[in-house]
Amino acid sequence: MMVLVVGCKKDKSLNDWGAQVPDPNGMLNLSLSAEPSLLNPILSTDAYSSEVIGKVFNGLIRINEDLKPEPDLATSYNVSEDGTIYTFYLRKDVKWHDGRNFTAEDVSFTFKTIMNPDTNTVRRSNYYINKKPISIIIVNDYVLKIISPEPFAPLLMSLGIEILPEHILNKDDINKSKFNFNPIGTGPYKFVEWKSGQYIKLVRNENYFGPKPKVKEILYKIIPDTNTNLVSLSKQEIDMAGIPAKDLKRFEKDENLEIFQYQKLHYSYIGINQVHPILYDIRVRKAISHAINKDSLVRSVLKGKGKAAWLPTSPELWSYPDNQNNIPKYDYSPEKSRKLLVAAGYEFDHQKKLYKKNGKELALTIFVPKGNKVGEKCVQIIQQFLAQVGIKLDIQVKEWRSLLKIINASDNPKKFDMVMLGWSLGIDPDSYSIWHSSQYPNGFNFIGYRNLAVNKLLIAGRQEVNIPKRKAIYEEIYQKIAFDVPYIFLFYPDTIIGVNKRVGGLSRPGPAGLMNRIEDVFVTKPL
Amino acid sequence: MKLAKMSWSFKLSAGFLALIIILAIIIPMFSNLDPNGFDPNCIGEPAAPSIRHIFGTDDLGRDILLRLIYGARVSLTVGLVSVGIMIFVGIFVGTIAGYLGGWVDELIMRFVDVFMAIPTIFLILTIQILLKPSIYNVMFVIGLTSWTGVSRLVRAEILSIKERPFITAAYARGISHLRVLIKHILPHALNPIIVASMLGMGTAILTESVLSYLGLGIQPPHASWGNMLENSLSFMIDAPWMAIAPGVLISLTVLSLNFLGDFLRSGLNPRESK
Amino acid sequence: MKYIVKRVLLAIPLIIVMTFIAFLIMKLAPGDPANMYMDPSVSAQDVIQLKKNLGFDKPVGIQYVIWLKNILKGNMGYSYITSKSVFASITERLPATLLLSVSSMLLIIISTFPLGIIAGAKKGSFFDNAVTVLSFLGLSIPTFWLGLMFILFFSLKLDLLPTAGFMNPSLTNASFLIKAFDIGKHMLLPLLTILIGGLAVLTRYHRSGIINILEMDYIKAARARGLSETRILFKHAFKNAALPIITILGLSLPGLIGGSFIIEYIFSWPGMGQLGVSAIFARDYPILMGTILFSSALIIMGNLLADIAYAWIDPRIKKS
Amino acid sequence: MLKVKNLKTVFKVGDKSTVAVDGISFDVPKKSIVGIVGESGSGKSVTALSILDLLPNNGKVENGQIIYQDQNLQNLTKKEMQKIRGSEIGLIFQNPLASLNPVFSIGNQMIETILLHQDVNKKEAKALAIELLKKVNIPDPEHRINDYPHQFSLGMCQRIMIALTLSMKPTLLIADEPTASLDVTIQAQILDLLMKIKDEFDMSILIISHDLGVIAQFCDYIVVMYLGKIVEKGVPKEIFSNPQHPYTKALISAIPKPDPSAKTPVSLLRGDVPSTMNVPKGCHFHPRCPNVMPECSALIPTLEKVKNGSEVACLLYQIYPSEVVSNAKADD
């Protein structure tokens, strides 16, 4: 059981900028690189919407800067011994932006709306455990029980979804409601206006149940072009922007900016089709892995702002194994790579500098999604690495939807050799949908990975609620996966963010974001 | 009079284009340098122009001059082939409309009207997503969305020619329709078509660069001027040389094509050349 | 008048055919809006249910008929991505698009007439050559590159103009004049970029129009009547040379409306082009179809206006 | 009142130059009608344009004098020349419809011209315009003044052009093929009109035509041109009854005769008119001349008075042609 502790947090930035006075009427200028789809937490799926939604709504729990869950709309919560009953004690001092009281009805309404098949949401299956729905029991206005049909560790995070106001939406068709463009939440900021293609404006919620937000207004400018966005940061038209690693040098010299770096909850990888006439052979996959110098990739593509990856979780997460020695690493060694290819029956054609088997060249194609600059650069470098060991690699840059059409198709085998992608990681380590063989061909195990031992462990990992025990299970999963080379894990890129020095009250730099507690963020008065 | 006065621009343009074409053909024939190759283990920053790399290198350490030369092949081919498609479709549609006349003409021309009323960029983008991105498809798409102007031109020209006495005379001599069309009518429409194709080539090269800007152009690692320019945009401040060379080259090439087209237009129009 | 009505009526069935072709092409494009998830927490069942809710499980023909029926009822449908009504989504973007394209058109007209007239009258002079080279240069520079150069120079280096956007949001409650001034400031760079690319063709046409007209008998006759060169140029030649320009302006409308989306993208200008292009990438068919419908209608309207203006200026059409 | 002396007009095409009018001289006395006759390319229209300094940019008067009422037009500034045009010398063209600006009403164009040349206000100008239209026999001028050129027939357009020219009260009217594009009946009407206004307005007329037959009867004096040179000039009676130059003879024989018994070949001339770009050496006419002599290809004949009073440039009538050639230059 956890209880929310408010205030008294050590805040580095606050200390650094203690001399300057927060401006109670200040405005924070942020940018979005695309128009949010709609401001409804259960319908939207894009990052731009969630960025705004996070300021306007609250969930039952939230993720703090240590990536730990803590109660948000609740004063506390507990989970039963067997991991099936979640009890939430709700805050009694929460009001919707229109003044109505927040109650357990709202929570119940939100989950029931998600589970209603007419709602255009893709979150529904998070609340169905083994195809059985969770049930919600309102004990009284401020106590709520959620019962899972069986123990399911990842459920807690799903229960953190932002809560919608029942009194506004109960009569509406939620899919087409005006609410989606004019949201009413419980969060620290109230929605003011949304000018399509221009900006979204939020204003401080004076009746916020938490500490009073220090910035009066937040303005999200919509700036699609990356270069334009960076110029806006330099010109102080926006207070904060992500900086590509290659531009870092220039921005480090900018006196108005403070640069923050932290590891993203994300790993980039090359997915290898396991059901492929050449790549089914683990020796070829190992040979490819040995051919690629991950450190060089990090150095060149990320300008050193990142870290080589060897397994499918992030060092920032609790699930990352303490002991790395048990994880197989097929590190950079063109020698080993060539030996493996010979062992797999390939012969080197000296004229063409390529390996061949039965007269056929060892030629593969890699897909990379369009618009992903880092990815496009990576595959061009990987192409050269593979050329060095005698593997021919063709590059195809694919428009995102077209790529998804191929890898999400229900054919078996799927029509790709390799694909360069990345996974953003959730806080919960459950990765059943990525690695379990039942998730192929329909599901996110699109490479067709199949390891029965891993299958069993994945299910065990979902049902185990005890954290140390779970951690051991996942260590074993990562070991086995790394050994099989279904992916070539490439790197964990860093997030680099430039923030105008007039902004203070930032959280500790980390995957939870610099503005994890937006209430604490302030801007100083202009001179 | 105008010929004599403006000929400097004509000479410069033709000379520039000839130089680019010769370089693009010859250099790759005598060199085994790989414009896409680099040592993956030592990639540094983009290098400024120096004696070793006259135009500098890009972010993967590849020589920009070499890539420009190979890119010229791609960009010029895109220009040529897509204009070829444009002219072929344009002549075909325009001829049918102008020659057959009547309701066929009415129907085709109204279709052309509406086709012209849809912003081309939507069509190009949609078709480009539909097809696998490749150099062939880029040419195909550009050609297939730019023919309307030529078809109108050809139609107007045919309408004005087909009633003239010498055509009637040709029929009177018992020459077949197709032959009259090819031998007597089309050559008269040739001049405006040549002009249109010069200008069209310039537009095609620019369109390729716009497609590259949207990530739908020629695919890496292969170089085209458009994708080199696109790639350079994010280095505009730190490595301006990456943007300058391809930008200038595109502009000058298109400029030369426009000049040639304009020169031919005025040269072929007796009124302006007098 | 009859002619105009006839043309509008003729355009309608053709637009319908065009929308069908557009619909077909889009439906052939791989992927659909429900197929955009690469998120392990989204299950295949969810996606199937979503497709069913949005009606993608029906055959393409039926989907088109449903769309068309709704259009005829005046309902342009709802965005697949935002569920917002297409009409609302487009109309909130329309003012910005119209503002930019109409002002760029006006600016092009205003600058093209004097440039073309003087260049044509002083054919072969330094001024003529300079206008030719510069306007062609403008035509030859890739727009996105030029736009970015402008931002870097005018906005970053000289700090004269805002980088991007439509209006400073803090001015929502300011007076009309202040707002207009601010929008003008934001519009300057996009306008300049369009102007540079759009000037060449018209100026060229106008110049050669003037050259042709100056050799007409009625100009000679006017000279023989002792009229001054200026009067001949700006009265007699001008009105005649303006006629083809009107038609060409009408024809260049699609380019102005469609081409401005790159400008909109670079300068974060909240116009319709941006909406349409992002709809292509998101496979948001209702929005895209709506955008095509709207812009085609705009263009047809523009061409009609051009025809009317032509008839208004040219007495030969009015009476016959 | 108009004396053209030794006029030479040159056109530049590319790097080459061609002589369109080569040293011609003639007079237009007061209240007389002088006709210039020649085929296309003979330089007759260029002569008219040279007089009014209306040559296109690539044309230039290289030599000679154009003296109008004791004033050398060559020496005038652009401004002064503008004043001469219209108010002193009027010009009407071959194609009347093309000579009127199609996008302005005829009233607009007339009033504009009247305001420029006469000291009247707009209302008076309009009244004047209507009066002039009446004079040239335009029916219902009060209403038609607001019409546009395309609403008039060609003949009416020419009348309007004449009215337009009259509105400036010129003393000399140059009519460049005023009837070439008109039907025969209309031709006669226009010529009658010209005669009528000549008397009424006390004007001289320089009429230019390719058709000797059409103008001969109206003229007091006729100048025949061929490839930039005058080949014969004289009074109509002599030119008709007693043509001297083989070219003039050919022109006259080409005029259809009302008398069916007269048997004349349609043309005595061989071949086509050579281009001015490619003028034959010697006598320009010699390749087509029925009476060609060996020396014709070498020597250029000058105008010589012959016994009937006409002046003729033909070696047939010259005794010492070579001397004459050399003397001709000293004559200037």
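Letters are used for the chains, namely A, B, C and D, taken in the order the chains are written, and counting of residues starts over at 1 for each.
Everything below uses one rule, namely that a contact is a pair of C-beta atoms (placed from the backbone, for glycine too) under 8 Å apart; a residue touches a chain by one contact, two chains touch by 3 or more.
Bear in mind the structure is a predicted one, so any value in this text is a computation, not a measurement.
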Any chain that touches subunit C and subunit A: B
Number of steps on the shortest touching-chain route linking subunit A and subunit D: 2
Most central chain, Cα average position: C
A-B against B-C, pair bridged by the larger set of C-beta contacts: B-C
Identity of the chain that, by mean CA position, is farthest from subunit C: D
Inter-centroid spacing, subunit B versus subunit A (mean Cα positions, whole Å): 44
CA centroid of subunit B to CA centroid of subunit C, Å: 22
Chain centre separation in whole Å, for subunit D relative to subunit B (CA means): 51
Multi-partner residues of subunit A (at least 2 other chains): 227, 399, 401-402
Touching two or more other chains - residues of subunit D: 56-57
Subunit B residues counted as touching two or more neighbouring chains: 1, 129, 233, 236-237, 274
Interfacial residue positions of subunit C with respect to subunit B in the complex: 10-11, 14-15, 17-18, 22, 25-26, 28-30, 123-124, 129, 132-133, 136-137, 139-145, 148, 152, 200, 204, 208, 211-212, 215, 251, 254-255, 257-259, 261-262, 273, 276-277, 280-281, 288, 291-292, 295-296, 299-300, 303
Subunit D partner contacts - residues on subunit C that touch it in the complex: 123, 215-218, 220-228, 235-236, 239-240, 243, 313-316, 319
Partner subunit A, residues of subunit B touching it in the complex: 36-41, 43-44, 59-60, 129, 132-133, 215-216, 219-221, 233-238
Sites on subunit B touched by subunit C in the complex: 1-2, 5-6, 9, 110-111, 113-122, 125-127, 129-130, 202, 206, 209-210, 213-214, 226, 229, 233, 236-237, 243, 247, 250-255, 258-259, 262, 265-266, 269, 271-272, 274
Residue ranges of subunit D touching subunit C (in the complex, touch as defined): 49, 52, 54, 56-57, 82-87, 90-95, 98-105, 112-113, 116-117, 148, 150-151, 161, 164-165, 168
